[in-house]
Amino acid sequence: ERLTIFAAASLAGPLDAAAELWSEESGHQTALSYAGSSVLARQIMAGAPADVFLSANEEWMDAVEADGRLVPASRVDLWGNALVLVSRASSPLPLAELPQALSDDRLAMALTEAVPAGIYGREALTALGLWEAVAPHVAETDNVRAALDLVALGAAPFGIVYATDAAAEPRVTVAATFPEESHAPIIYPGAALTVGPAEDFLAFLQTAPAQALFAEAGFTGPPGPAP
Amino acid sequence: MSWLGPEEWQAVALSFRVAICAALLSLPFGLAAAWALARGRFPGRGLFSALVHLPLVLPPVVTGYLLLLAFGPEAPAGRLLDALGLPLAFRWTGAVLAAAVMGFPLMVRAIRLSLEAVDRRLEEAAGTLGASRARTFATVTLPLIAPGLLAGLVLAFAKALGEFGATITFVANIPGETRTIASAIHAFLQAPGGETAAIRLTLVSIALSLAALLLSEWLAARMARRVGA
Amino acid sequence: MTLSVALRHRLSPAFALEVAFDAPPGVTALFGRSGAGKSSILRAVAGLIRPDEGRITVDGAPVFDSAAGIDLPPHRRRFGLVFQEPRLFPHLSVARNLRYGRRALGLPAAPAREAEIVEMLGIGALLSRRPSGLSGGEAARVAIGRALLTEPRLLMLDEPFASLDAARREEILPYLERLRDHAGLPILFVSHALPEVARLAARIVVLGDGHVLRAGPAAEMLADPEAAELLGPREAGAVLTGTVGATAEDGLTEVHLPGGTLHLPGVTAGEGARIPVRIAASDVILALEPPRGLSALNMLRCRVASLHRGKGPGVMVGLTCGPDALLARVTARSAEAMGLAEGLEVTAIVKSVAIGPADLGGG
Amino acid sequence: MSWLGPEEWQAVALSFRVAICAALLSLPFGLAAAWALARGRFPGRGLFSALVHLPLVLPPVVTGYLLLLAFGPEAPAGRLLDALGLPLAFRWTGAVLAAAVMGFPLMVRAIRLSLEAVDRRLEEAAGTLGASRARTFATVTLPLIAPGLLAGLVLAFAKALGEFGATITFVANIPGETRTIASAIHAFLQAPGGETAAIRLTLVSIALSLAALLLSEWLAARMARRVGA
Amino acid sequence: MTLSVALRHRLSPAFALEVAFDAPPGVTALFGRSGAGKSSILRAVAGLIRPDEGRITVDGAPVFDSAAGIDLPPHRRRFGLVFQEPRLFPHLSVARNLRYGRRALGLPAAPAREAEIVEMLGIGALLSRRPSGLSGGEAARVAIGRALLTEPRLLMLDEPFASLDAARREEILPYLERLRDHAGLPILFVSHALPEVARLAARIVVLGDGHVLRAGPAAEMLADPEAAELLGPREAGAVLTGTVGATAEDGLTEVHLPGGTLHLPGVTAGEGARIPVRIAASDVILALEPPRGLSALNMLRCRVASLHRGKGPGVMVGLTCGPDALLARVTARSAEAMGLAEGLEVTAIVKSVAIGPADLGGG
């Protein structure tokens, strides 16, 4: 019997490893379908035969929950992440100096009204009083990886991405990390859509060996118990 | 290409199967649509043409959503097909449908251009020689539009290899079932550190399409030589 | 089997067809200047044009009838049409072009017939080739063969010989004659060459600007000084019917006419057969009395029936030679010098060799 | 359509501009490539054909990525164009390039099909009448392939309207500069509750393409009428 | 200006061209059966086929020379070619088809010339139409006009009259004659109709299977009993040159030949002009002594020069009538009955009306 897991694309690396581990332990096969959270959520709401949903943001999980697709009480916050400013230069940059440092250049971000990383970034910049100044310079991308690519390839000097992305890209360095309080907590919620093995898998993801895999990729632990 | 992992091989094999099926499956429909557009004189021809072009005009994700709405497991059409033993949602068959739909405007246009270039006087001649309309179509029109059919197949095949927006939206990205090369590449590009795997798959994709293209060019050259053009 | 055509069709603001004629078994020639509407009539009969109005029937059974709403598609009419251009299928070999019709009609292969037609048309060496490299005349011949092999119940030929040399024509004409004489099918034949028309056709329909200017039996039309104007004075002539007699050692065959005996080369019909002989008006010399010491062997005693002065310096003389009508075209000066007048007895001299195979029916 | 907000209007206007420019810009290149493929006999023709088809075969994101590599501000080609006063990065001009590249295989194939259907004997006739090769091309070949050119323009225009994967990857999504309808639709779809806005823009997109299609069909019908086919 | 052609070219494993001939100013007819290679030669001369080997020169200047690596593209040769098929540009009106060449060559518009050609070809009513609806003959005429209007330095016509009626031919032939006589350009003329060839051509090149079977001046070729076999016996005849004399009221013009005077209708050349007159061998009757009371006006005193028995029942009689050579075709029976032998004096009788405008040069 195969467990179908719909997961946000940004989880790919450590999740593959975790799923393999769990398969060995439980004897269950897994099939991981990666895509953007929005796509996954809509598919689930259209009746997709998924057993587990791992979202990169809470809103899409909320939407799926409101649609009555979740196994009651199975929703759990699994991981957290940090938001960082990356650049190709190796020197750190105080966030306050970002507008000047940008001058006429572009700041790469995921879509600031649609994609979680972009939404968090805008929230943080606003909280820091920098949004007005940088907004005209923002180059929005479809997903956070594309924003990272713009920086990696030198198209934009700065970008705002997750710490996990920055860790995997040798061509960029972290110039600054956004203070945790400048944005809503970055939470990756998970939930079971079917009873049985799906719930077991969610439980497994919370075990130490699984969490270690994610920590290695730069994810932080769950920010406290689920609300 | 032993440097491809088993999951990647799976994606390559699936992509190939999906692309072939999509190209062949859309051929008769493409031919019918091209015929209607090239030869038909019916009200709403303009609208029909627009409908055919729609998958080109809409962002692929939108097309994918529309397919999901129409053929999803909870949509009436989807249920019907399911009952008929042809489930689409989140199956490779759905990937075929998505790829076919996305390549449809390309196929229709290629066939239509060929159809419009057919010398109608040859069809007249076939009629006076005793060939019914169906026979004339099969023995005169069809061979004469072979270049267009071939071009349509190549375009549909290539498009199917490259298509992921509608596919991933309609049937997700499930290894072995709906994870095509393009979906895999896309997923790899979204995950940290996936570039090398993405490049590997991209090269496979290019190789596949190159093979298809060379085959089609060879076929086209043979046909042209036979016609002596 | 008889084809009846009566139709009205506007092709363009400047050109409309309005024709009615019958085509009994045998050859009916459509004759007329370029742009007169000949090809358009064939297209309408074949079902490739849908006339605005009219009726096209075969033995009374309509293939098209605007009033009754009948319009058989071309393939259900079973009319063969050799178009003015070859229209060969470029993707098929010559052999498959030839066999196309039989296969479409579900007729069994006819190797003997095919071999005969291929031989007659001289296209044996082309069978495996594609049409694209064929010469103009080669393509025309393949097109003729393709239509002949379908065994249609009506055959239409649109200037089939336009791009063929005289020798090739001589090889195809006897075939058409046999077809005409034995198959009992109506043949519509478009040609600008009156010798061919005269040789093949039993009826002539002269077209002009989409209308029938004149129509009638070929013999009458060709011998009618007035119709001769339409056909072109140089082409006018009479078609007589004679009985084949003995053939001498030197190859000349006697053909007996009521007005006398002709000695003709190249007659292939058997003794006793009745064949048409065309004598062009310009090939006839008139003499007041039978001359001697002349190389021309053929002389007929005739009586002057009519004299028509045309626009030029020529006079068309209608003659009756027994029951047959003959035409002679002489200069006005000669007519005067000889005192030609209605009722006068004259000798019509025809060179044997002026009557070549193209003017000889049967075969 | 007062139900569109000013930002949306901007996206519509920009999309229109980008699509028109992409279609027209790629026309001469498409023509040259189609000519080379239809008439040329050079080594590497198969590879060239594969190259032309590449944007069809590759996931759009990959194409966008490759464009970024080739024409990014740090790439030599990008620098050169920048120095020549034609900056592409994060500019609408870059969106034009991305759309043109994505539509290129479609345009090339349409023109190529038309070129292959041209009766070469007419070109021969033009030569014997004194027309140089260039003149023959301009006065005989070009008018005869008009249906293919028109089809190519329509396909490129439609594709440009629907394209966002390569565009957003290459030039991002900057309101007023590079945010096309397709990018906007895609963005709306990424957030819960964005559907109505997405549907509005989708309808505009459909309307635009319908207008372009009807125009092209009308032009094609006029041409066909003139040729009397 | 003289065209010299010498080339070798393999078109297919089964067919190769290997020809050499000269075409001086005036008309050179290419004559030969379908598939003989006529059109292929025109294509090579026009630059549409690149021969494997050979030289094509105009007054010694090569337009093609395989040894020297010269191969002018078609448009730089300035050779006009009327193809066997019309090949009109479908996207241009008839008028713009006609003007295409002048515009391509940068020649100024020539309204008078254009009007003259349009009038001659009878295509005035078609000018604003597209080629697609034209009849076969209409399209052929437009193609002729299109080539004529480019004022080429060499003109090639591939069966230009194949789909035209006799009357239309009679309107175009005089134009070609004027062109031939006044423009001083070589004209290569492909035709299956020997009367046309005889009327227009100064030289005839007979082709067979890609080779030149025989070539020479038209008068010699047509009067040479041996060449007559190649041209087809029914088409053989002599071309004599006569001096135009007075035209009588009845429209007959005297044409003086050394052997006698002919009275011919339809002569349009002025008094004193020297014109060629073609007399077909089958139109000549021989008499031992001048007969009387005959409608034929033209009698020439001749001497029998040669007798050739062909395969059929005919004998080709070579005659010398003064310095002119004449051919007569009679039956073997007549030849025997008359005791025809070399050196015998005979009277050659020719009907005026047998010599139509098609056989009359000048104009």
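We just call them A, B, C, D and E in the order they show up, numbering each chain from 1.
Methods note: contacts are C-beta pairs under 8 Å (C-beta built on N, C-alpha and C of every residue); 3 or more make two chains touch, one makes a residue touch a chain.
Keep in mind that what you see is a predicted model, and the values were worked out from it rather than measured.
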Ask   = Which chain lies the greatest distance away from chain D when centres are computed from Cα atoms alone?
value = C
Ask   = Of all the other chains, whose mean CA position lies farthest from chain E?
value = A
Query = Can you give the whole-Å distance between the Cα centres of chain B and chain C?
reply = 56
Query = Which whole number of Å gives the spacing of the CA centres of chain B and chain E?
reply = 60
Note = Averaging C-alpha coordinates per chain, one finds the centres of chain A and chain C separated by a number of Å equal to 90
Note = Rounded to the nearest Å, the gap between Cα centres of chain A and chain B is 34
Inquiry  = Can you list every residue of chain E that touches 2 or more other chains, as numbers and ranges?
reply    = 85, 133
Request  = Give the residues of chain A that touch two or more other chains, as numbers and ranges in rising order.
outcome  = 36
Ask   = Can you list the residues of chain D that touch 2 or more other chains?
value = 61, 65, 164-165, 186, 189, 229
Query = Can you list every touching chain pair?
reply = A-B, A-D, B-C, B-D, C-E, D-E
Query = Where on chain B does chain A make contact in their complex?
reply = 61, 64-65, 68-69, 72-75, 89-90, 168-169, 172-179, 186-194
Message = Which residues of chain B touch chain C once you look at their complex with the stated criterion?
response = 121-122, 124-133, 135-136, 139-140, 143-144, 146, 223, 226-229
Message = Looking at the complex, which residues from chain E come into contact with chain C?
response = 11-12, 14, 32-35, 38-40, 84-85, 122, 125, 133, 135-138, 140-141, 158-159, 162-168, 192, 194, 232, 234-235, 248, 250-252, 263, 265-266, 282-283, 285-289, 291, 293-297, 312-314, 328-335, 338, 340, 349, 351-354, 356, 358
Task = Please give the residue numbers of chain E that touch chain D in the complex, ascending.
result = 46-48, 73-75, 78-81, 83, 85, 87, 89-92, 100-101, 104-105, 130-133, 146-147, 150
Query = Okay, in this complex, where on chain B does chain D touch?
reply = 45-47, 49-50, 53-62, 65, 105-106, 109-110, 112-114, 116-117, 120, 147-148, 151, 154-155, 158-159, 161-165, 182, 185-186, 189, 198, 202, 205-206, 208-210, 213-214, 217, 224, 229
